[in-house]
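Dropping the structure in here first, questions after.
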């Protein structure tokens, strides 16, 4: 039974107003294509969870889809701040144009622990972070817990169970068995923690490709609701082996997003103004895409699983 | 275990079958409609593979050892056989298996064997006798304790005898319906368990399900087995369904699959 | 800097009397070669940790190296009991010949959680197992812990930090960067939890082989003390792609181990009577080995990591 | 940051260098003898790569994003650059990275930047002003909170100013020596932390270490920087080492590596 769907259908069916949505991927494999489709479908009141909101949530916040962020590091890596988000965080009272945005803040490991607890049906996840910091005061969901062995106290974070998790990957089969390589982030934990999962891939492959290397499978089709085939779907983020991070765009965004008007103009052109990712890719142009291709191939080599009859 | 029973259903040329074969077939049939099954060592291994070839073609097998979506080229001799990895859709660490698949609630049916079981489906697979000075030291929990708690439902497959179907088990390795359905349901709810506990027990003589009070009820006698045999091999007076069914004989196809495809050497069915 | 060592030197240097030793591997990659060397070196008073003690710990217990087992399932999978261990567990008082063997018992997930806590420097690991069972009574180190979020109580197991963990794998480089495929068990967690790590491999490979596929690396050289190259070192267990499980031996062991005398005779012949694994392999004979080779090759296929200059 | 300082060491043809370059070089030198370094975003990225090419050839880089033993073919522009994965010895999930590598105690040196730091090395990277109504919303912890707790020692690299070197930080994101060495040592011991806390702060003007009381002590002034400049850019009166050293100029080789090999576009050193 195939789960292959268009991005439009996958988002329409899986993402509902008011949902908690996690588009994960740590620097790598961030699915901008899905974020843009959520904007185009005018979803509202979303709680957006991600370790690093990155440009994708800055864009989604600017487009008005979100009422809350759950995160651990809020910035444009190596460039600076996220201006659309900061506009709603720093001036909630005087700037009548901007509704306040609720923030729920952890550390990286705290977010990883939250997804892990969510995926494991644990009521909490323990970690050594937070002791003697102000984070538990800022976020009352970070709570101390005493070890039943000895005197140590650690902190606990609650499970995070997104309504929808969206992950990008190099490839999947039609049943949703998904393989990825390079930086793995917490794509797996976020997917297992979610009620619904959309996998977006560069390439749809035959089941036999997946079955040839079962240790490479990160997400089993069992938990996947839709498989969307969307080449370049992670741009300006990247896909190991397929294309590079578009660092120029990350820098350009700093200027684009400094004013609400220029931000809206960009959204009009690059999100509302295109029907979907294929049109966006065409608009980027062949030259830009070519500049993002790896300069060469770095094959993994093969291993042998052996036939046992 | 080599006792053969003639088919009792009046079908033409009923195949002869052993008690073990009947038990495997009955267990496999109970899997109809199930989706994800956690496969432990021993009889469950052949029962689930039979189910996949008959009543539950969509059944996904999660092997306790970490293989998912296995397509074994031979009947795996153990849950760690290399043939369950080659061609599987995923091979994962035990942390991932127990955390995300089992405790995370993805397993519809967990299979357990048992050395002792009581009327509420509580199970002992740890020791016979006192824990510190056991008469018999059994293997212990393995994954049984967490399967009983986390699998959406639990199937038990075991041979029955006065020593195994007992009024009081010597050690509770895996919780069933505890002291009864009410307590069990309350605790499972309060504690956020995703599992609903034991739902079926298949033995070499009969099939049991659990009634509203959480107690095992004899629902179907295997062909050739009698109520007296059942009573003689249980430590309590069992509740009996009205009417009491007779388990349909293994079909010719089920027998062919067991003997020719799944276990030609008779490793499970001797 | 190479960490390649002979099994004799690796065991002599890393394994000390009184140590807690974990030879891990769930059905797959169980390093019998290391267990036998520990027997030959007459190590004493070891605490042996493993989910499934299997034949290897039955042999080590019979040889008198252990005073305690930490485990979750005690049996010969698909065959029956472990007789050498049962002799010491079931008849501790009357059988003067056999010293009692201390048992510390968990479930599989409990053991996995213990290694995970050990590897993570956590004072405990929480899991939903054990509630309403007799296991916490049998083992007071299994303790309830109340969630700081809501009313749920789960159980906690303490960290397990072996003095030495020994893992078998398909391949490693001389620095100890180790790759394996097939069933992964809890080799990784047990290795990270340990003070010292011995990796035993079928094949020593150049660093470039490892670096070609960084996602395949399970154990980094950083935590490895010795790399031992020992083909067939897992027999009668197996190595995915290299050789099959010797199920005949697992069945034979049932008869061999039923009496103390026949067990000792086997140890004399196959452990004390050989200098090391090479001699053991020669003794097994070409025909037996040939029967354990896979019937064909099942290549994983390659993936491309891309060159980014 | 384009202010150039003439070399003060009297070496022939001393290369001109910027304050940022001096800061990177000084941080790199502090890594001599270290083995495993956790690499965060920004300046640490270039400092650790310089150290690996000079004083610490054995240094193993653990990137926060999950790459270990990276051999980047270009200077990674971010900690998530694909060039740090191709040819690495391992690429692991963040769960594994934070659980086993960092919290497990394998990281010798964790690098942190900061918006504010106090005399005891406590760090703020969350907000300026009130948390609920901030004047400036900063990125937040990322991994900084757990790096401060778990790395064996912590190096801080940041530019100094009255706004960043403050008597009281507005928010404690990462614990340093808390209220002093005694409390910090007690808590770290009682709680089983493997980290010993901050050990060095490198700024654009100077190098600081921490004395027995856990307080930052000015140990070395960079060439061209003065005590007055230091005092004008700190919110407290710093302890000053006797004698106060002068940081040796960047060597020609260090400058060549920064400008020609590591950062030819000047992304970090502008």
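Order of writing sets the chain letters: A, B, C and D. Residues in each chain are counted from 1.
Operating definition for what follows: contacts are C-beta pairs under 8 Å (C-beta built on N, C-alpha and C of every residue); 3 or more make two chains touch, one makes a residue touch a chain.
Computed from a predicted model, the values in this text were never measured in an experiment.
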- Taking each chain's centre as the mean position of its Cα atoms, how many Å separate subunit A from subunit D? 29
- Query: Using mean CA coordinates as chain centres, what's the subunit A-subunit B distance in Å?
  - Reply: 41
- Item | For subunit B paired with subunit D, centre-to-centre distance based on mean C-alpha positions, whole Å | 59
- Task: At least two other chains touched by the same residue of subunit C: list those residues.
- Result: 116, 121-123, 127-128, 152, 154, 181-182, 184, 188-189, 212, 215, 240-241, 244, 294, 298, 305-309
- Would you pick out the residues of subunit B that each touch at least 2 other chains? 67, 81-82, 85-87, 91-92, 99, 103, 150, 192
- Query: Should the pattern of chain-chain touching be classed as line, ring, star, complete or other?
  - Reply: other
- Set of all touching chain pairs, with the criterion as stated earlier: A-B, A-C, A-D, B-C, C-D
- Message: Touching residues of subunit B toward subunit C in the complex: what are they?
- Response: 41-42, 64-67, 77-82, 85-87, 91-95, 98-99, 102-103, 126, 131, 133-146, 149-150, 171-175, 178, 187, 190-193, 267
- Task: Spell out the residues on subunit C that touch subunit D in their complex, using ranges where they run on.
- Result: 116, 119-123, 175, 177, 188-189, 192, 207, 210-212, 214-215, 217, 220-223, 305-309
- Query: Quick one: in the complex, what on subunit D touches subunit C?
  - Reply: 36, 60, 67-69, 71, 73-74, 81-83, 85-92, 96, 99-100, 103-106, 150, 192, 194
- Would you mind writing out the residues of subunit A in touch with subunit D in their complex? 26-28, 51-52, 71-75, 77-78, 81, 85-86, 89-90, 92-93, 105-110, 112, 116, 127-135, 137-138, 151-154, 181-186, 188-189, 238, 240-241, 244-245, 247, 294, 298
- Please give the residue numbers of subunit C that touch subunit A in the complex, ascending. 121-128, 141, 143-145, 147-150, 152, 154, 156, 158, 170, 179, 181-182, 184, 209, 212-213, 215-216, 240-242, 244, 294-309
